[in-house]
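Paired with chain B in one complex and with chain C in the other, chain A is shared by the two complexes that follow.
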Partner chain A sequence: MSFCGFSTPASKRYQQRVLVTVLIYLVVVLAAAWTVKHTHVHGWVLYAIAVMPALPVLAMLGVMGVYLQEEKDEYLRLVTMRSLLAGSAVLLAILMVNDFLRSFSGSAALPPFTSWVLFFVTFGVAQAVQTVRDRVRDDA
Partner chain B sequence: MAWNWKKMNAAKKGLIRRGAVALVAYEVLWAGSFLWVDRAKVEGTILWVPAALTTLPVLGLIWIMARYLGEEVDEFHRLLVVRCLLWGTAAVMTSVCFHGLLQLLGWKGNWPAAVELALFFVAALAAKLTYRVQNRVPADADGLVGREGTR
Partner chain C sequence: MRNRLRELRAERGWSQADLAEKLEVSRQSVNAIETGKYDPSLPLAFKIARLFGKMIDNVFDDGEESGV
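What follows is the complex of A and B.
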């Protein structure tokens, strides 16, 4: 049994690809931080370096799109779609409330990566909740 | 394929109707909240009330999309909607990631408000248009199928 109890060939490939993109993300973030700290870059180079870690994040969502296309099990596809919707809803709600408060009270923006983390946490929680809710007993 | 209301299935009609209601609700709530905050000089924790109110239609839109995905019987259309949603989310995540890294790397500025929301809808719409063009069926496709079928 694999992560969240999904063990179809498509979900295995999905997990492998996600693992690779997460590793690439970590390497790129650390490399970007190290470069900025030691070379004191500024201007357009700083912007270019800041774009780099966003690429594995994009790739992660691309991997999800590929998974949705490859997955033959309609139930697993539905679980992933629902989790994606839950993650997007939380992400947009947090950003909307924060934007409103920033516009009218001048409050500070969210700390870096808060919304990013919230999206993936919500995605994971939604997936886990659905898996537990729809679990079938061994003797069923 | 042209946009034809009569040929649309019930799920898509429902999505468009409910989506239009949510968008109008968003406009009304946004304008109402703006006027309320501006006129009554709302401050402190009460500001969370108009902020939450304007968020409700956006959450409603996501719920409408979830309902559409449950009602839609055409698997291809369902996949297209999910892909558009992924593109929208990808645009928001890229913006958030880029912004966060700039701040971590020492940038003192801030994105203008509502940039992410606008990015979400622009990316989702652009994806929808791209898929529509990419998967366009020629007007005479039905005729071709018919001819080949009789061959």
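What follows is the complex of A and C.
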């Protein structure tokens, strides 16, 4: 398995680190949800528990930054940066439009988790589109 | 920028994977450079030219005439 067709040492380390952060995220988010539902925490403890699931997601962004630093292949770095740019652009555009809608027309805020899910989905789609576009034929 | 990468590679009977291995880059990079989707950095362009034993302007052509 490779990171969207990449098989460099840096991309392999990236995949391993992402897998670790995803597993940590799943454990933390389930633990946080269980704690909030079955206990009566409040005050700063509740805030701390609420923030905990965000930490592995923030770590995932850090993992992407480390990948960009470690990747020696300049073209693969460019592909990843384009994907990050696409994800950031979609995220900012949707948040901005939603902010104006909320300010001027009283529209509701986006549902929780929409922003970062959109970011990661757009990042993945951009990565996949570029990989398919640059696919190398076996006889090349 | 046009380049003669595919032609030079074919002369030596190398696949894109062979060339990628010699240049220590990915196949995607070689493919993107060959098809003109990506212009390599100066260090990589020099590395490619050295590998083929050519001057850099014998491998890459920006379509501009020399002013000298």
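Just so we're on the same page, the second predicted complex is superposed on the first by the 138 of 140 C-alpha atoms of A that agree within 3 Å, B and C clash if a C-alpha of one lies under 4 Å from a C-alpha of the other, contacts with A are read in each partner's own complex, and residues count from 1 in each chain.
We adopt the following convention: a contact is a pair of C-beta atoms (placed from the backbone, for glycine too) under 8 Å apart; a residue touches a chain by one contact, two chains touch by 3 or more.
Computed from a predicted structure; not experimentally measured.
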Output check: A:Ser7 vs chain B and chain C. Expected answer is one of first, second, both, neither. What do you get?
second
Chosen between chain B and chain C, the partner touching more chain A residues is B
Touched partner set for A:Ser115, first chain B, second chain C, both or neither
first
Touching A:Val79, do we find chain B (first), chain C (second), both, or neither?
second
Regarding the shared-chain residue A:Val28, is it in contact with chain B (first), chain C (second), both, or neither?
neither
By the touch definition at the top of the document, which applies to A:Asp134: first (chain B), second (chain C), both, or neither?
second
Chain A contact set shared between chain B and chain C covers 78
In the complex formed with chain A, which residues of chain C make contact?
15-16, 24-33, 37-38, 40-41, 44
Considering the complex alone, what residue numbers of chain A touch chain B?
29, 32-33, 36, 46-47, 49-51, 53-54, 57-58, 61-62, 64-65, 68-69, 78, 81-82, 84-85, 87-89, 91-93, 95-97, 99-105, 109, 112-113, 115-116, 119
So in the complex, which bits of chain A are touching chain C?
5-8, 72-76, 78-79, 131, 134, 136, 140
The answer for chain B against chain A in the complex is residues 33, 37, 42-43, 47-48, 50-52, 54-55, 58-59, 62-63, 65-66, 69, 78-79, 82-83, 85-86, 88-90, 92-94, 96-107, 110-111, 113-114, 116-117, 120
